[in-house]
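Common to both upcoming complexes is chain A, partnered first by chain B, then by chain C.
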Partner chain A sequence: MDSYTAPESTPRQSASSRVKDYFIGATPLQKRLESARKLTSFVPTPSRRKIPQCSQLQEDAELQKVAFLLHKQWSLYSLTPLYKFSYTNLKEYSKLLSAFIAAEKQKGLAVEVGEDFNIKVIFSALLGMKGTQRDPEAFLVQILSKSQLPSENGEGKVLWTGWFCCIFGDSLLETVSEDFTCLPLFLANGAETNTAIIGTWFQKTFDCYFSPLAISAFNLSWMAAMWTACKMDRYMATTEFLWSVPCSPQSLDISYAIHPEDAKALWDSVHKTPGEVTQEEVDLFMDCLYSHFYRHFKIHLSATRLVRVSTSVASAHTDGKIKILCHKYLVGVLAYLTELAIFQIE
Partner chain B sequence: MSPQKRVKNSQTPKRTSQGSNSYQTNLLAWKLKEDLSNSKSISKHEQNNSVEDYEHADDEAEDALQVALRFFEKGPFKTSRSKDKTLEKHLKTVENVAWKNGLAPEEIDVLLNVALSGKFGSAVNSRILKCMIPATLISEDSVVKAVSWLCVGKCYSNTKVLFYRWLVAMFDFIDHKEKINLLYGFFFASLQDDGLCPYVCHFLYLLTKKENVKPFRVRKLLDLQAKMGRQPHLQALLSLYKFFVPTLISVSLPVKKKIYFKNSENLWKTALIAVRQRNQGPFPETLKLMLGPANVRPGKRKWNAHSLIPVLNSSSHRKEYGEKGMSLSDYLGSNRSFPVEQLRSFPQLLQNIHCLELPSQMGAVLNNSLLLHYINCVKDESILLRLYHWLSQILQEECIWYKVNNINKEEGFCSCETFLYKSLPLWDGFCCRSQFLQLVSWVPFSSFSEMKPVIFDHLAQLFFTSTIYFKCSVLESLKELLQNWLLWLSMDVHKKTVPDSPL
Partner chain C sequence: MLKEDCASTLKVHLAQSLPLPSNVNRPRIDLIVFVVNLHSKYSLQNVEESLHHVDATFFLGKVGFLATGAGQDNHCSIHRNTVLRLAHTYRSPLFFCDLEVEGFRATMAQRLVRMLQICAGHVPGVSALNLLSLMRSSENPFLEDV
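And then the complex of A and B:
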């Protein structure tokens, strides 16, 4: 079949060269193929993870910069590496993307690049959003509406925000060559049509691919455990879980709210290894919650599907929506999400 | 002016080049003087001629044509019934020859001048233009001369329209276009004329090269668009400009629309087919920009709603990012890269293989067999990586039975192979069976112990509980797998020992 001709050549060539270069440093694609072949030593999902560390007290200025990232609901996407993306051309990209958006909004009407439209697109780098030094710099894209009144000099209203980041993305960074920029996590806030238009532009320009990132119930329970484990000075929200039971005519939603300090106390009693969360601890934590619920309501929650988890650190929905509430653990939350995104790309 | 003895010569060009032949000199004299008094004697002479040579049909046609041409060149005379008849006769002569065999370049030259100079009425001009079908080629100089007539202002507007339609229809037959391209500014200025605008747009669409796209022209077109609205012909020209210089202009065309220009070829369609058949030689293909995606398929996602495999778009713009206009060396240098949209044939690929511009989305190569050849030969890591990423994501998304819910999934494999390993355990044996088993037969070579847990165990489960048809399909694909491996091994320099047969 024609459509399989291209991939057929890829494994064969690399396999033969792999035979030759087995002990010599391999190119990224070959490394990837090698891991594919090492079927006996595949890496399962990690059974232990570090508890997110509380990031150092940041100065107010930095806090201000990331404040707009908090308390907003973000839709999550995973993104394959961007080809030939350059941080020095951000102004150029702004101009081109503005023209593209203007052209898309008025289908069929040509627009000149650089012209003044009633919307403005800004590309900016987000400093400090990285796990290690190796991680590429995160950047932010914002669509602003230009204020109509000439008297207002300030920027207009923000219509759409999206940002790309990579936190502790070492496993992905090793497998790509220099032409690629790895920013596997994409978060978007705003109208879905704008997300589609901007996503299309990125896909056409940098040959990448966006996929919506869904969070499975398994990962949600891990998140619940990890975020409960985080040390907080004061709790801003109750710890809440939402389960969904599919039944006719309408699905049944079960919401289970716990006082955050109680949840922390439960966690502390379960928690053994300092600084780390293990699979057993997560399972035990969730089992305790399930059995407590069963005792009161005679419903086995483990047979239903966990759909939403909400703590003082952050809240996550299985459809790939996240809201981060605490700036101290921002990087920690993003690290887990990056891990999920990388898993989806690979 | 004495009537000449006719020289019975069937070869027209020879006759006209003979120095002793006074026809040619008289021709010039007539052109300059436009002597009306000669008309009577000439017309009588022609009538005599046609009576004389009645038996030599071919010769007569040629002669009649020449005579007719000279008649037209001479210009109009006072109308009277007999002259009308003569005019009609000559028109018919020209038309017959044109539709039967086509006109030679010199004849076209003469007729173009006649038609556009406004000597005759608009009806006559239209008829002449409608029958100007080339036998082989149209000389560029005749077109340039004809265009110069447009500046004089003697041309009727419907003649102008017809002339542009003729240019569009006959574009492929004009031998060189450099001089015509130099007149680009003139044609561009004609866009102002509302009546001419669609046809001039179409002509410019065929004529435009990258050098012609300048910012002031872009602005002019945008002003026109603002004035006239979303006219399809303007949209087409603007998207061509965008194709050449995407950093100046951005336009997004509605997906469904395919036709942008009125079909100007109608008038000459049958004749053009005949001309092309006559001249078997290869005609240079004009750039047919795909203004819309090739397949229109319904998709699940809003983003890639129209086509799963991306449209081929060369990534020429990437170089221009961050540059403030092209440098002089770019203009003077001949190392222009060859955009992939123009790739039509294998010889073309070979000629341009060193400067081929890759598409901006690598997935687009799946629709283009020429580019697949290219990718096979070029050992570029980034090309393969880009294709790998795109392919793995697309397969993941579009595969209806693939859902990663189970945490005990194996991790980290590659592209189709990866997809195969990940989804084989979930496969029910029915969905897309032939395609899926094809994937099995493409698995690269490795030892049995590696393959067993990943492929053969899962296949075995399905095998034992399935119909005889499925069993046969599996055996077929395994047989192909062995064949592929043997082929690969025979090509590989380092021979490994053949593993145990998986069966």
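And then the complex of A and C:
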């Protein structure tokens, strides 16, 4: 019957002409709608990404400043843009947040035995944590316990640290109006209760929203390839992968450790274009590992789920935990995480 | 699918991979559905290898792809676009369905049974090829760029 043969060309043409109208003179809102529409349609993920560059933080002073960021396990969250946040009001924010935390703790919501209720909150700017000049400055929030003894003039123990940053966040910065500050990546280290309280305060004060950033197995394999591609003078840790086998009743974990120089040698044999990583190279790199494992153990690792990747540059877990080990590639690692955070926000 | 009401006898044959052993007498195959688990790269590789064993005439509407596991994004090892591209290369429809969820499973079963009825020629006026072109025109217009 003729009614069943639908005309193929007409729906397609009208859809594409509607889309083209949005490109001209788009306001930020229209740009956001356009990017949202793009994501639901067939747009390939970036098939190539730059290998993290060795960063310029060579001076000792700067190294000291970021040293406390390394070798700590950070929980990752993505954060929507902050409304009317100002870098000049950091002292005020510290006072407000201390008051808020003290009030919350007295309410009995987060009572721990023997905890020192005299805490101090410090907001400080983290200079240099940005990818391009357009990126907003990163800032740091720390909860310190005030020392009881007046003779001690030290700062007190750091109980909780959290920092907000944005590295190469151009795709988000374009779509947002001026009242908003875009710092999509939030990293927290310390007690979960503190993270929750601080999250609530930020959400109430700046009308933003936190959500935990999980890293999929697909992105973990990209991280493994990109970090193995980084040139290192000396390797501090073995390259290690952890897979979780979905089998009942208990799940099985497979751990695969490689000498970092062997991993780099494998990567070099796979790598073609200098300075960039492509999807094919990542797949080939992982396939080599899988087939090597299969040859020895007759287990198809490709049927399991990659849960953790650990290299000398950084280590990442699928639950959204990251530990950065090398200061040279700090910015590079954060750039990829920022990309994932922005993707989650959108 | 077997729970669905159907006028004629519905037989489902499950296989891990193709080709099927040739020494068995089996009825005519009307529809092949390749199930890809987005959590496992192995399943994608398996499907890609099995596709080589399928006769070309099946691709005129008698093949479909079913991607499962898209609901849990952090368990996914395969990007959604990989399966989209695969389905586009073989000009066959792609369905996303989380087979773990009861409700989605039942809906998917209904769709597949209906598709099967058309492919078997039991619905007057619609052939498998008609159905294929009908489904293609309502698909994403941006596919043409790839």
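Here are some notes:
The definition used in the following text is that the second predicted complex is superposed on the first by the 300 of 346 C-alpha atoms of A that agree within 3 Å, B and C clash if a C-alpha of one lies under 4 Å from a C-alpha of the other, contacts with A are read in each partner's own complex, and residues count from 1 in each chain.
In this text, a contact is a pair of C-beta atoms (placed from the backbone, for glycine too) under 8 Å apart; a residue touches a chain by one contact, two chains touch by 3 or more.
Owing to the predicted nature of the structure, the values given are computational and were not obtained by experimental measurement.
With both structures placed on the common chain, the touch criterion links A:Phe343 to chain B but leaves chain C unconnected.
Of the two partner chains, chain C is the only one that A:His300 touches; chain B does not reach it.
Taking chain A as the reference, the larger set of touched residues comes from B, when chain B and chain C are compared. Legend: residue contacts after superposition of the two complexes on their common chain; A:Ser216 is shown touching both chain B and chain C. Of the two partner chains placed by the overlay, neither chain B nor chain C lies in contact with A:Cys247. Of the two partner chains, chain C is the only one touched by A:Thr318; chain B is not. Applying the stated touch rule to the two superposed structures, the overlap between the chain B and chain C interfaces on chain A comprises residues 1, 4-8, 11-12, 15-16, 42-45, 216, 218.
Of all residues in chain B, only 218-219, 221-222, 225, 230, 234-235, 238-239, 241-242, 246-254, 302-304, 310, 313, 318, 321-322, 360-363, 365-366, 369, 372, 375-376, 379, 381-382, 384-394, 396-397, 404-405, 407-408, 410-418, 421, 435, 438-439, 442-446, 450, 453-454, 488, 491-494, 496 touch chain A in the complex they form. Chain A meets chain B in the complex at residues 1-16, 19-20, 27-29, 32-33, 35-37, 39-40, 42-45, 80-81, 83-84, 86, 88-89, 92-93, 96, 99-100, 102-104, 107-113, 176-177, 179-180, 192-193, 196, 199-200, 203-205, 207-211, 216, 218, 343-346.
Touching chain C in their complex are the following residues of chain A: 1, 4-8, 11-12, 15-16, 41-45, 214-218, 221, 246, 286, 290, 300, 302-306, 318. Here chain C touches chain A in the complex through residues 39-43, 45, 73-79, 81, 84, 125-126, 130, 133-134, 136-138, 140-146, going by the rule given at the top.
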